[in-house]
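Read from first to last, the chains carry the letters A, B, C and D; within each, the first residue is number 1.
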Amino acid sequence: MQKITREQLIDKAVSLLENGTVEAVLGWGKGEFDYDVTPTVFKTADEINAGFVWNDFCGANFSRYLVAKTGKIEGKILVFLKPCDTYSFNQLLTEHRFDREKVYAVGIPCEGMADIAKVKAVCGEGISAINCDGEKIAVTTLYDDEPIMVDAKDVLAERCVNCKSKKHVAYDELLGEEGEVVDSARFDEVAKIEAMTPDERFAFWQNELSRCIRCNACRDACPACTCEKCVFDNPNSGVENKAPANSFEEKMFHIIRAFHVAGRCTDCGECSRVCPQNIPLHLLNRKFIKDINEFYGEYQAGAEVGSRAPLVDYTTGDIEPGEVFDRRDTNA
Amino acid sequence: MRKCSLESLNSVFAEIAKAATLYIPADRTDGSAVYTKWEEGVVYSNALNTVRSPKDFFFPQMENLMEFKTQGKTIEIIDTRSETEDFVVFGVRACDVKSFEILDRVFLSEPVDSYYAARRAHGVIVSMACTRPSETCFCQTFGINPAEPAGDISVWKTETEVFFKSNTEKGVALMQKLEALTEECTEEAVDAQKEKISAVMKKLPLANLTTEGFGGGKTKELFDNPAWEELSQTCLGCGTCTFVCPTCQCYDIKDFNTGKGVIRYRCWDSCMYSEFTRMAHGNNRLTQKERFRQRFMHKLVYYPENNDGLFSCVGCGRCLAKCPISMNIVKVMKKIGGSNE
Amino acid sequence: MQVKEYKPLIVAFCCNWCSYAGADLAGNNRLAYPADVKIIRVPCSCRVNPMFVLRAFQRGADGVIICGCHPGDCHYTSGNYYTRRRMAALFSMLDYLGIEKERTRVEWVSAAEGAKFAATMNDFAEKVAALGENKRLEDLRCKK
Amino acid sequence: MNNRAETLIPKVGVITDVRIDTPDIKTFRVVTTDGKKAFGHKPGQCAMLSIPGVGEAMFSITSSPTNEEFMEFSIKKCGCVTEWLHQAEVGQQITIRGPYGNPFPVDDVFVGKNLLFIAGGVGLAPLRSVINYCRHYRDRYGDIDIVYGSRSKDDLLDYKEIIDEWATDAGVNVHLTIDNPQEGWDGHVGFVPNYVKELGFDTNKTAILCGPPIMIKFTLEGLCGLGFDKTQIYTTLELRMKCGVGKCGRCNVGSKYVCKDGPVFRCDELDELPSEY
């Protein structure tokens, strides 16, 4: 259950729209059901009152949209940013991907978003209504007479279970209370895989990555993947194969993508959220983050604007690639 | 109509698998279902449907079309077609069965696509009636009855029994092999189930969705609708909807140089991709709005115009469940069609 | 039937200024290293991007080694420092995906180190040979 | 062993002649390995040419169907496939499949009509097939006017053929123009649409247009200004294609597939399509 209410957000959006501070509002739009929320650009107070939603399913990270949307308008656009979204926001600013002057950022607190797949795992298909009430979520289905009560914390999205920060690192205005950077267990899963034998690791990733359908959703939702022309879309690159032709293709795609965002990935978790095949793509990104932290010192992409990403930086005393394994083997 | 007990379904699978490769929906480690080659130990999934549609069996995401050997200035073409293995797909839902008809009209129209045609000829479809449709289901909008699935054999599953009805020659032939495992029965139990399902169908949130306002001849009317801009404004341009869709049939033909020869293969493509219509001299669908519009106009206007009013959507709800931004054909139909609710 | 002895295919990316000259020196001094080491000359070790490494594996390499100038000696001042970071991250990732870590290596070889070049290649080829064929990052289409 | 027909599987063709037309256009003569024409075709139809490993692309057949010996393709260098072709030498094998698309209605609608061909740049390539067909069956058609323009004199395709053969035919009037004045050019200077307006054709003609989209747009306006009806004007479209048989979905515009239902359209038919071509 979110602490800040829909009404608070609407009031803010409408007042900023009406006093002319902003021209448009990037917010969450109402769907067919209570959980299918669509990122929407609102232009008027009426549109906002009718279509704006704020609930436990507003997971979409808007930072990425600013690249395209700020180019299209004259004035400012209002964007609501959850704490984790602000990291992506900063990272894009660091890379000069949009004009800060054209954005009015309102930070909003987030108590963690629910994962509809987890809800359905408990309640089954046929959900007709979802009501968030305190720590409980009431799910009404077509097949049960009484609503099913689910603990909100049991259906939290993976990225929210392992939330890294409730603190906003960028905003023009903050609604609600500011949180703190959280000491999360987000690298535990990575460590677990690292502890496997190479054969087990290979089997694990083979099972996960073989499901890839190359829909590019991970790439297209990623706030770090904002290249004007992706190498995987370029027919001259030789890798624009569109289909997971065999086990090489699907590994190649994900290795290259993860590597390209290594050091820039803020671990917002959009890739895993959008994957239609539930591939835990965040485990690839987190591996890079974990390695970078271990090799070159703690680094959180997006924590501050203008910081230099570790892979485009160096020191003369860096660890040798070969030592990486020696160190790990001695630690193990 | 014939029936067997639910416990003996496994023996039915074993019998079918003796003569042909059998695929059934089975649960994966992450909880979602996928068509899996049956072997002893593979359990029939209780999930409503698979993430990927069964169009894979006839129109795989990727298939080799032919090979070339080149030497100096000469080229040798090697015909590698070999789709001759008999297979049975068990547990196809009514919506997905209908999708084969939509694909047939594309691939089996002149000139016939021999790759697809061969797979169709060698495949037997055993459908499965739905008992617990999801809120995302809207097959009834397109006149599909989930209680009465088509296919070579229709199957109904109750708590204790499984009922079979063969609809085609292929189905009759397959049922003959199952004679010893099944017994003749009346349609009573099935009729009761059908009634139950039709009651559920009326309660579905999308039960009132209609295709009114769409269909052949509506191009002029709908193409310049300002709502396309609004609907597509946050579309990411990924291919999720296309790749989980049972009726999307666009493909790309590409060459892969193995170093020892060239493989020409075909793979799914998506009209949502920026590169889809890009030519050396430009692109006729420059923005996501145009690409987005193309996908839905094709399903709801262009396809019906060429195919006697048959819509190129079966209401399976996969895109509703999987779109990263929850933008989907239902929202488009309600907004553009305008006559709904 | 005669069983063909398995010899691993090694792709060595060598920087133009140091390691390639080192390889040259190894040749001039008649220092033996496996003939299945295919050397690809690159302007600087940092020219090698992850795709090069993956592509080598795709096309049948059993091991990939990147050789550059010693840290501090880069012809372009800092290229090999970047290589060091990138490849540390990439090879760690490949290991994470279950690609045996012995298949990848970065080694600094100067123009004067012909002996080191030969020794490195012998050692690397031996380690890769012990693992056998690369089956985890191969493209089956290229195997036919 | 496969006896099933499959349109996607091409035949092997051989390039038997390469003619350099302009700095960026070459004309290739193609026959099958046994020296015959790969398949029969009608004026305006296309064929898929490919080089294994490079790609496949659709080209209009430039030679007339009345030529029973070989096919010709005039190809401008602008992408992967065309660039590769421009490097090809005589004897090089390529693959070829077709014919695809609908031809110009030369055997019914055009019969007995005065024909006005208007082309710009490499747009003459598809029209050359029609023009030569109509010249072959000269008595079936009325007067023939050909308006052809290009950037410069060097960029005029088939210049020699135009001057030596077309311009000397009875009842065939050739009007050439180039975009900018040039030394050694004493003909008309100016863009094709304007030239068409200047020439002020009678409306008792059927017009056939091909060229860059911008030229088509303004020429169409010009012709309508002269009183032409859109049912009198034909053009041919070009979109990205992969299969050639209306299945891959790439060239879909409205309910039409350009590869199968086109590439030849009457302009009033185009009005029925969404403006996405």
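The rule we apply is simple: contacts are C-beta pairs under 8 Å (C-beta built on N, C-alpha and C of every residue); 3 or more make two chains touch, one makes a residue touch a chain.
Worth saying up front: this structure is predicted, and the values here are computed from it rather than measured.
Colleague: Comparing centres built from CA atoms, which chain ends up most distant from chain A?
Modeller: If we average the C-alpha coordinates per chain, D ends up farthest from chain A.
Colleague: Report the chain ID whose CA centroid sits closest to the centroid of the full protein CA set.
Modeller: B
Colleague: Rounded to a whole Å, what is the gap between the Cα centroids of chain B and chain D?
Modeller: 39
Colleague: If you average the CA atoms of chain A and of chain B, how many Å lie between those two points?
Modeller: Centre separation, chain A to chain B: 30 Å.
Colleague: Per the centroid of Cα atoms for each chain, what is the distance between chain C and chain D, given in Å?
Modeller: 52
Colleague: Please set out, as single numbers or ranges, the residues of chain A touching at least two other chains.
Modeller: 235, 245
Colleague: Mind pulling the chain D residues that touch 2 or more other chains?
Modeller: 55
Colleague: Counting only residues that touch at least two other chains, what does the list for chain C look like?
Modeller: Only 139, 141 qualify.
Colleague: Across the complex, what residues on chain B touch chain C?
Modeller: On the chain B side, the touching residues are 256, 258-261, 263.
Colleague: Quick check on the complex: what are the chain A residues that touch chain C?
Modeller: 190, 193-194, 198-206, 231, 239, 245-249, 251-252, 255-256, 258-259, 262, 284, 287-288, 291-292, 295-296, 310-316, 318-322, 324-325
Colleague: Which of the residues in chain B come into contact with chain A in the complex?
Modeller: Contacts found on chain B: 28-32, 34, 48, 51-52, 61-62, 132-136, 200, 203-206, 233-234, 236-240, 242-244, 252, 254, 256, 265, 267-270, 273-275, 320, 322, 324-328, 330-331.
Colleague: Spell out the part of chain B that touches chain D in their complex, as residue ranges.
Modeller: The contact residues of chain B facing chain D are 65-66, 68, 70, 73-77, 79, 81, 106-107, 111-115, 117-118, 216, 219-220, 223, 249-255, 257, 262, 264, 266, 269, 271, 276-281, 284-285, 290, 294, 297-298, 301-303, 305-306.
Colleague: What residues on chain D touch chain B, complex-wise?
Modeller: Listed in rising order, the residues of chain D that touch chain B are 2, 4-12, 52-56, 78-79, 82, 89, 91-95, 238-240, 242-243, 245, 247-250, 252-255, 272-274, 276-277.
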